[in-house]
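Multiple structures are listed underneath, in structure tokens.
The same subunit A turns up in both complexes below, where it pairs with subunit B and then with subunit C.
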Partner chain A sequence: MNRFADHAKNPLLISSIAILALLVIGELVSPGFARGDQIVRLLTVSAILGIAAAGQNLVILGGREGIDLSIGAVISLGAVIAGNVMNGSNAAIPLAFAAACCAGFLIGVVNGLGVTYLRIPPLVMTLGMMGVIQGGLVVLSRGVPSGNAAPALMAFVSRSAFLGIPGILFVWAAIIALMALVLKRTRFGWSIYAIGSNENAAVLTGLPARRIRVLLYGLAGLFGGFTGVCVIGYTGNSFISVGDQYVLPSVIAVVIGGTSLSGGAGSYTGTALGAIALILLQSVLTTLNLEFWGRQVIFGVTLLLLMLLYGRQARLRV
Partner chain B sequence: MSGLGKLGGRAWLVTAAALLVLLMVNAVLQPNFLEPSVIQSNLTTFLPLVLVAIGQTYVILGGDIDLSVGAIVALVNVVTVTVIAALGGEGTAVIVGLLVGMGVGAGSGLVNGLIIAGLRFQPIVTTFATSIVFSGLALWVLPQAGMPVPEPYWRTYAGTILGVPTVYVIYLLAFLLAAFLAARPFMIRLKAVGGLRTAAFQTGLDLGRLRVSAFALSGLYAAFASLCLTGETASGDPLMGQTLAMSAISAVVLGGTALAGGVGGALGSVLGAWVVGMIGSVIFFAGLPFEYQTLVQGLIILAALAGGVLVTRR
Partner chain C sequence: MQPILRARDISKSFGAVRALEKARLTVERGEIHALLGANGCGKSTLCKIIAGTVALDSGEVLIDGEAAALGSPRLAEEQGVALFYQELSLVPQLSLGENIFLGREPRNALGFTDRAAIQCETEALIARVAAVAGTGFTPDARVSDLSPDQRQLAEILKVLARKPKIIIFDEATATLDRRQVEVFFDILRELKAEGVSSIFISHRMDEVFAIADRITVMRNGETVAEFSAAETDRYAVVYAMVGETGAIAASVRDHEPLEGDARLVVDGVRSTRLGPVSFVAKRGEILGLGGLQGQGQKALLSGLFGAEPFHVGRVTLDDVDVTARRPADAIAHRIAYVSGDRGRDSALPGRSILENTAIASLVREKRHVIPGAQFRERFADVLTGLNTRYAGLDAPIGSLSGGNQQKVFISRWLSPAPGLLLLDDPTKGIDLGAKGDFYLLARKLADEGATVIIYSSEDSELLSLCDRVLVLNGGVITADLQGDRLTPFELTRASYGDAA
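Coming up: the complex of A and B.
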């Protein structure tokens, strides 16, 4: 138990140090980088990635090589559904959230059923699902961007709700608190760690491992749909590949946040810090007056260095 | 061991049967489907995916995964066309360019392997990170699409060598290399590494070396694919091959190689790549409304993946 606590603590510390260091570097390179309103803007972008990574975090914690590659397509689907439901009308925002989250949840449940009852490897199942959703999006939208965000939704994502902080950040803070509460203080949370670290033992103690895992994939889809609505609030309108850019960054945020890809260990607080560090890194690289290729190379190498600190697998022993 | 062999064999047969059905459907839908020129044109279209899938097979057999093959394809393409142009575009320049391209591909795979096996990194996130680096380097070498390759390059690729279409020669060489590797102890050891890593380690196998070799092979086959794509497009493109990594993983799984490692083979992946290619072709010729084509393709691939897993399941 002590060793687990040590493992979970380190990533939080390292991500926090990385975040501070990036802020200092950003401020040195371009004065004003770490100004209050800039930080709020960066946190808003991080919130969108962070909420997507919440779903990814759950399926990865649940073990059995859990991963959701369809999350990007679900985000796009959520954005397209929300855009068409709202079509610029404030009154339809709750309905847009409900529709996008339901669609995401259903897709996630299908992923979960495939992974548990048909025993299809998660990578393959969600990769296949990604193709299906992308195809479905082409049918839904006929290839042209459609639907608009309602003004109140755009304000929720980008305008101040209270003390200069937009509403989405309060929602993200609530999600962080809720995830910490559920993962650390509830039966459901403990059972996720249990099936993630040793499924056989968990099943023998009477946990319904399959049903829990289906629910985890469902929740991943739900978070994906929710993220989609936030994305259309951020961009204003939706196109069918808007979510693609979140697929692997959501996995990276989870990994540099200290959650093991083999499941059973980690926390969402770490993932949230990982998402912030990732967005800050991209932002610092943008302010460094570099050519695109240079930014790409430094970004990739920094990810590798971050993983060097704690994303490594256990040594094999005789 | 015989049990595992049987499982692999069955998945292979299922994919072959699927391919046969697709061939028959396509022959009905496309009247000139069996003409030699059409066969050759289809096989040419599928060749890059076939090559990438063969390379990916070794990595997956060893229990890892390589998401960076698409970026390697782009990097090899831009380096090759740049080298050929820099050396004046003559015959020797083309040969040097091809060799440098293969070196870049194998080298990129080597880097992946050394980081993953040497530093014990997670393969999924690592190859994603290195793919960002490789695409960055590709954009550094050639910021924009362009820079044509000399005529002999694409003429030879579309033409014949000693009377045999070049594409068939490449298929033959790729098969020979895969068959050579399949007969080596390397293959059995690699499967052991992917199947039961701890046990393989305890029997004294050099895990690091085997996994690094698998990644280097994947990079080398990605380079072959890139050189073929270059023969088709006849120019440089730093964004080439972006969807290849995901399609190749589908092809490998369809070909009966277990994603968990240890079971499968390169020949199955060739069939899997053909199946992925044929699905696209059948849908195109079935005359479906355009906007439904991607959806139907996605559904068929998902069904095929699920079906393959179900049939081979214990």
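Coming up: the complex of A and C.
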């Protein structure tokens, strides 16, 4: 096969080029768009999406039409839990992270059990779970926003920790490194690709495919809960639908990053770049001052063009 | 009088594979004609050509003395040829009557489906099988509610409703029980009395001699013999199926019985379509599983590996209980399994050659972190030792040919070497060179102390490789061939349910 064509279809390269192109366009449309502090602000927003997309990435890599539509509701839940645990107290921040992550993990495990042992399609299972959590949140909070972020958490998300870069970006960088390490250099990572690529063959090599898949959904919930805490750090207080806006973007970031929706191929590094590209695209469109419908059209067309660039990912010959 | 069907000089190739070469078949009016031959001899292809589902390369088919245009199943049907499908052509959501008349529904004056006519004609058809149909076999019963054997009857009725001149039954009796076979034969005889001809493919020699008027035997895509059933015997038919060439191949290796004690003991294992099966195997033995396709060989292998666990029974290897509930159990006891269906059971498409080979070792060795360069070298060495041709360990598995892929999949189990190696038609679809490497490997592993159990759809493979062959029929072992008795003739005879 042609080397050049190979590289031209490399999702990492395409996402990187898209990011640069969007920065240039943004700067042309509105000078100052690509200024240092602006970029840091965009990266901070990308980090929140990117962390949510990490969970999404894992369940999609695991195959069997894996997807987690409950991630938005889990983010909301995480934010509400964190807000109520902290209630403005810095001392309660670790507890807030622990509580939100635990809740997310448990919900994810329930998703995973439904998908593997009850054989409910992931789309249906997680959509149902989304409804359950949303309803539960309404009942628990009686629809009134409650709890608020501790000052230190808000500083962590939006104020400089080192060289003008907020702490959340360091955390995100650590997550990117950790995900790459786990996926490439551990048996767990290889197992994820294996069950996503061909579950039957994976089982016949002795892999506990079901347990792995349950764990993947659990991790997706955990990342959702973690994201929820970051979200309340960003917004200051929580309302019960704060996470809804992350559902589709988390899937889109994964796809832009080159992960196959049928599972078994892709990387989190790609997803991280995809999250940045997606956030950039949204801000460029906002900067253009277009009407809502105009933004939607351009947004959709850009996504389709990006997918076209990847070409049809030929299923490899077996 | 003209024969109803005369097929002459039929040739057909699929790519480079010659499926048929100058095959012929003549069927008289009102005759039950059995078509016999080993797996892959071309009998199914010939039937598909006659039924219009496969186009012929050269040759001619005459129906009633006239050249037949058999471009499609519908054309063939219009000329009176019907093919009986094994449970493939029913729509589960529709009723029995609707299924039988699907695509040819009688219309009333307004052009709508004439339900009354369907009801009436379906009832007439059902009456013919009333004795065995069981309860609930009514025109408006939904097919999804019917039992498997009722569905088989429905398939037969569907064919009968077309009032064909020739019906092709490709292994129609495979899933029927004895009583249903009797009814099926009654239907065939009734059809015969009405002047309808049947072409009957069966792997049960008893049935062939019970029902057939004449027998055509095919071998390697050619028609090699035609018999009148009354004037021949099983011996002559089996001999025609095997041919003289087989006898020569068998003398190539000597079948010395192995010394030593049993180390694998399989005791009364049973699963859905298997058993009870008991046998023992020795260290260093290559044990073949023979017989016709689908007689439980695959179920036995996947049961031993825990992929489809046995319901009852016990398996011990070197006096350790290795009855597996899941593949991981078997793997822990150094049992390895290589499937011939690479796409379904082995390949991790899109992943690298290294991942495809090393994943099983990570599990076996309980490693959680992928080791470095030495680990890679280990697998490179194993693959090189198998004569594998590959660009690099990081190339995707799909970049390899079938034979080289299969070497990658077997390499999963080679470091360390397995104690029991299960091979499920492992050389299916791979080139001759790779097959040769594969045989050498199996022999080498056996000589080093492994027990190898192999199922193959090619008898010649079993004959040249195995020390002993167990023949399965209907899920049980019907013959244990070794020494002088391990010959093509005996193997074929045992496979076709005529074991001494």
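List of remarks:
Going forward, the second predicted complex is superposed on the first by the 301 of 318 C-alpha atoms of A that agree within 3 Å, B and C clash if a C-alpha of one lies under 4 Å from a C-alpha of the other, contacts with A are read in each partner's own complex, and residues count from 1 in each chain.
Everything that follows uses one rule, which is that a contact is a pair of C-beta atoms (placed from the backbone, for glycine too) under 8 Å apart; a residue touches a chain by one contact, two chains touch by 3 or more.
Please read all numbers here as calculations on a predicted model, not as lab measurements.
Applying the stated contact rule after C-alpha superposition, one finds that A:T205 touches subunit C and leaves subunit B untouched. Contact with subunit C, but none with subunit B, is seen for A:W190 once the two complexes are overlaid on the shared chain. Of the two partner chains, subunit B is the only one that A:M307 touches; subunit C does not reach it. After overlaying the two complexes on the shared chain, residue contacts for A:P151 are found with neither subunit B nor subunit C. Legend: residue contacts after superposition of the two complexes on their common chain; A:G236 is shown touching neither subunit B nor subunit C.
When the two complexes are overlaid on their common chain A, residue A:G135 makes contact with subunit B while staying clear of subunit C. A simple residue count on subunit A separates subunit B from subunit C, and the partner touching more is B. Common to the subunit B and subunit C contact sets on subunit A are residues 315-318. Partner subunit B is touched in their complex by these residues of subunit A: 65, 67, 114, 118-121, 123-125, 127-136, 138-139, 142-143, 248, 251-252, 255, 261, 291-297, 299-301, 303-304, 307-308, 311-318. Interface residues of subunit B facing subunit A in the complex, by the touch rule stated above, are 65, 67, 115, 119-122, 124-126, 128-133, 135-140, 143, 197-198, 201-202, 207, 246, 249-250, 253, 259-260, 291-299, 301-302, 305-306, 309-310, 313. On the subunit C side of its complex with subunit A, the touching residues are 305, 307, 326-328, 331-332, 337, 339, 342-351, 355, 358-360, 362-364, 367-370, 396-399, 405, 412. On the subunit A side of its complex with subunit C, the touching residues are 184-188, 190-191, 193-194, 197-198, 200-208, 260, 264-265, 315-318.
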